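Dropping the structures in below, format is structure tokens.
Same chain, two partners: subunit A is paired with subunit B first, then with subunit C.
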Partner chain A sequence: MGNENKLINGWLMLHIALCLIFIFAPIAGSFVFSLNSDRFPSLPLGEFSLDWYRAIWNDPLVWSGFGNTVIVGLIVAVIATILGFGGAYTDYRYNFFGKSFYLALALLPPTIPVVIMGLAMLAFLSRIQLSGSTISVVIAHGVMCSPFAMAIIRLRLSQMDPDLEAAAWNLGGNEWATLRHVIIPFTRPAIFAALFITMAVSFDEFAVAWFVSGLNETLPVKILGFLQGQVSPRINAIGSLAFLSSMTLIVLAQLLLRNPNEGSK
Partner chain B sequence: MMKRPSLFSLVLAMPLLVWQLAFFLFPLLFLIAISFWTVKMFQMQPDLSFANWQRILTRGVFWDAYLRTMILATSAAVLTSAIAFPASYAISFKLSERAKRWMIFVLIIPFFTSYLVRVYSWQVFLTDAGIINAALGHIGLGPYPMLNNTFGTLVGMVTLCLPLVILLQTFSLNFVNRDLIEAAHNLRCGRLRTVASVVVPSAKVGLVIAALFAFILSFGDFVSPLYLGGGNPPTLSIMITDITKSGQQWPRAAVVAIMMIATLMTVAFAAITYAYKERGK
Partner chain C sequence: MDASTTPPAIVKFDNVVKKFGDFVAVEKADFEIGQGEFMAIMGSSGCGKTTTLRMLAGLEDPTSGDIYLDGERVNGRATWDRDTPMVWQSLALFPFLTVQENVEFSLKMRGVGKAERAKRARKWLEKMQITEFADRGINQLSGGQRQRVALARALVTEPKILLLDEPLSALDAHLKVRMQAVLSNLQKDLGITFVYVTHSMSEAFAMADRVVIMSRGRIEQIGTPEEIYRAPYNRFVAEFLGSANIFDGVVGAATPGGHMVAYDGGEVDLPASELLDAKTGDKVTFMVGAENVDLAPTDAGQDGLAATVVGEEFLGATATVFLETDDGQELKVQKSHAELKAVKCHAGARLIAHWAPSACHVLPGEKG
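Coming up: the complex of A and B.
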């Protein structure tokens, strides 16, 4: 019995390892290929080279795409976090007629396929003369990112002692003062986590941005362009850098969420 | 008794509501509207014409794509669930709390990598002269065609869905009552039978929802079918991008999009009904 158990456990652990290999092979592969001199990497691998990084460094299109990505990401993070904070607090604090409709509207966007979101946004925004601008990407990403911000902040609010707010009111604080001196300090780590995570989501979103961005392409849309055109390992170099910056944001967010005492007075 | 909402509550609740109404719900409703519009001289004209619906729904090409997309998404959902389950089971039942937390963190990482870059990377792995075929060649096998076919598409879709499905399955398995399993063992219920008749039914809701998410993601994905599957013949999402990017026939693309949403809603409703059926009996 004990032996059999070990065997089964061994197989299960092997299965986990295989799943992780499958999931991380393309990510690790892209790192390796980005540092490889071959245009079509195969076995045996070519020699170490930084050519692809040099190529993107010298490519003005990559820089303008990068600029758009960062601008959009920063604005989207702020907007999505403000919207998400309001939604999370509303869900935490109030019960009202039509609340399930409110929550559905707030949380459903990630379940709509991106091609459909893209088409709907394009048709709508071009009707109001906004498509093809950076603002259109901000609008679309605001819709897609605010559910994430809301979920993160809502989770933090559910850890708050409900008496805390009541105590603040009893001490004479009105709702605004309570929000400022109790709620926001308590949720501060989650607010920062939401800023970082929505920024990371916006950094990687390509489909809707592709539909609506016109000439003001963000970097992921550029990658889509590279994919459609000639095969170019520059994608790997851009992807590796984008991965590192996203991971930095995620690790920052994780660190903030791990220290629940940070930020509260 | 309804109180008048305070200014404070409105300031917090309204921005999100207004934003999502204006930029989420309204564009989707607008999509329904333009499916009845006509295109004249490369301009969309408001209209109440069923021509677009008739044109799309009477085409064999559309229904072929519809069937193909359904089969691909269903296969991806089943395949991903089957691959994920042993891993989720092991994470939930065999790992220590600490290891579990680490696994969850590791499985979240892929969400923040570019799906496009991963797909491009798979191309390098899967081509006839690529890494996998070169490795197989060393032991005298292959080359096997793995790109621009259904296999390639499914590799991409599983890549997209696997981390999410493992996470959702793990969360639902974490809620399975450990005493039930103990009881089954005490009653001399074998290992596999315990999994099949105790663990799976207890975690049914989560398992079905995980498969549903895999279906939704694969159904709408245009990257894998295009860059790993070859794009020809097209899936529904490729059809939408093609129609949209090649001109002003947005009303027709809208018809395809509405058919997709209707399908997803039907499937989601069926799956959730099935998931909650017979609970507590």
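Coming up: the complex of A and C.
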């Protein structure tokens, strides 16, 4: 660009910096205080300490919440990615009456306010005797996460040469063999990205899990419990770890999606 | 088409029609392709040539009519159960596989063992001179190399027939001509049937034994390149070839060898062999190739069509001159630069265009 305006560029940089600070300052603060020996978060800082991390390490409640979160996250990631792949492939492959309605319906869940979603899930799951268990969180999160997986895989499929699938059929692969040897390898980066993203979404989700989890609380629900009981810097330590896990998943997904033309080779 | 000269058919289209909704993509395709023949299907986009090829490959099902492959009716048989590999316009190589894995693909789909697959793929990589790229990804290859991979991938099962859908359209002129030679030699070498879809007359005429010309779903003419060039069947084909002057005329009085034909701007004595069985009073359409028209100055006493030069198109050693008669009839004349200079041809010049009666060819498809 020949007519770059330094002033405008400067303002844009400042704007981005402010946005990032606004988003990350609380998280960074929480991280800093998690390593601070003081009982209450205040300045000036006390000594560096890993006490709060030791405290949560030794807390069985944290472990049970973390365990539930991981189990739910793993199962949800697999289910949501399979459902998302199915939805995306259906959209790619077929034209049928009511397709736009089908797409709207499939991509709808993230637009529903989580409180409404949580209430509806609770009402529905308790009616079929499935509320208050880990399975209920899996079902609710599966519904919420599938559209994310579908969107990611759909994007990848849209980058595929439209002749590729027909070429595989023409070379002797039936529809199942082609799905296995062409469609899945081509979408593999997106499939992994979808696994990571859906796991991260499930990992962080609080409201719906709060409604349906009953006694099998996931970590975010546990955190609320801790906050209601006592204000402890342990929260900062848990928060820092949760943030780190989610970020790892998101970054992995981004890396996979960054250069989709590389494929697996 | 002379049936006695064509080899036994490997492909037969029997009254094949293909409709997409109300749109007729192919209207009554009825032809055969001989074993070992290089057949080109040519036409502009949307003429039905690719649909015809896809029906042969099993990627589309005909709406009515039958398709026979090697004597067997194949309607409704899935493409993976036919051995009709295709080279795609986009090539459609698998970007997540190496060159060798691409070539092995159809063997893998047919359950050929690993060692055997590698052996057969190697043979084709060698034949296409791409062995050194065996372990590379598709994205690391040039256009010409990809073309060779696509050919090797399609031919690795040693099929009796290879389908090609405008495979050269993405290449630059030089590489295109080189790949034409590769394809031509490959086809002669293997002795298998090639069905080659293209919109380019130069590609079709350079390589094919016979050419099918299609427009708007209809087959306009089938013949060898020479037959088509010398004797276009109808106005569409004559215009498609691009270098024909077309005249509408009426058959007049009989002459010793044929009939006089009157047309806009004159009369010409056409032999009976050209006129087929046209009688006095019939309407005929005839063409004169641009290279067969001569030009003379107006004062040379030459009979012919007086016309004004409107422009000139430079074609290397020759030029095509565009003229217009006073009635608005357009004429094309192809001549060497020296010949044009001799008659002082320039834009706006008045010249007499004339030709020998033997240069006239009556279009049999336009009779009546």
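The definition used in the following text is that the second predicted complex is superposed on the first by the 248 of 265 C-alpha atoms of A that agree within 3 Å, B and C clash if a C-alpha of one lies under 4 Å from a C-alpha of the other, contacts with A are read in each partner's own complex, and residues count from 1 in each chain.
Definition applied: a residue touches a chain if its C-beta (ideal position, glycine included) is under 8 Å from a C-beta of that chain, and two chains touch if they have at least 3 such contacts.
Worth saying up front: this structure is predicted, and the values here are computed from it rather than measured.
Once the two complexes are overlaid through subunit A, subunit B and subunit C fit side by side, free of any clash as defined at the top of the document.
When the shared chain is aligned, no partner comes close enough to touch A:V70: not subunit B, not subunit C.
With both structures placed on the common chain, the touch criterion links A:I139 to subunit B but leaves subunit C unconnected.
Of the two partner chains placed by the overlay, only subunit B lies in contact with A:P113; subunit C stays clear of it. In the overlay built on the shared chain, the residue A:F186 is in contact with subunit C alone; subunit B does not reach it. Using CA centres, the angle subtended at subunit A by subunit B and subunit C is 100 degrees, rounded to a multiple of 10. In the overlay built on the shared chain, the residue A:S30 is in contact with subunit B alone; subunit C does not reach it. Of the two partner chains, neither subunit B nor subunit C is touched by A:A55. Here subunit B and subunit C are compared by how many residues of subunit A each touches, and B touches more. In the superposition on chain A, contact is made by A:A177 with subunit C only, not with subunit B.
Of the two partner chains placed by the overlay, only subunit B lies in contact with A:G86; subunit C stays clear of it.
Here the smallest spacing between CA atoms of subunit B and those of subunit C, following superposition, is 7 Å. The contact sets of subunit A with subunit B and with subunit C never meet. Listed in rising order, the residues of subunit B touching subunit A in the complex are 2, 5-6, 8-9, 11-17, 19-21, 23-28, 30-31, 34, 83-84, 86-87, 89-91, 94, 103, 105-110, 112-125, 127, 129-131, 134-135, 138, 158-159, 162-163, 166, 191, 216, 219-223, 227, 237, 240-241, 244, 250, 253-254, 257, 260-261, 264.
The part of subunit C that touches subunit A in the complex is made up of residues 57-59, 78-80, 83-86, 88-90, 92, 94-98, 105-106, 108-110, 137, 139, 153-154, 157.
Listed in rising order, the residues of subunit A touching subunit B in the complex are 8-9, 12-13, 15-16, 19-20, 22-27, 29-30, 33, 40-43, 79, 82-87, 89-90, 93-94, 96-97, 102, 105-106, 108-109, 111-125, 127, 139-140, 142-143, 146, 150, 175-176, 179, 200-201, 204, 206-207, 211, 220, 223-224, 227, 231, 235-236, 238-239, 242-243, 246-247, 249-250, 254. The part of subunit A that touches subunit C in the complex is made up of residues 161-164, 166-174, 177, 181-182, 185-186, 188, 261, 263-265.
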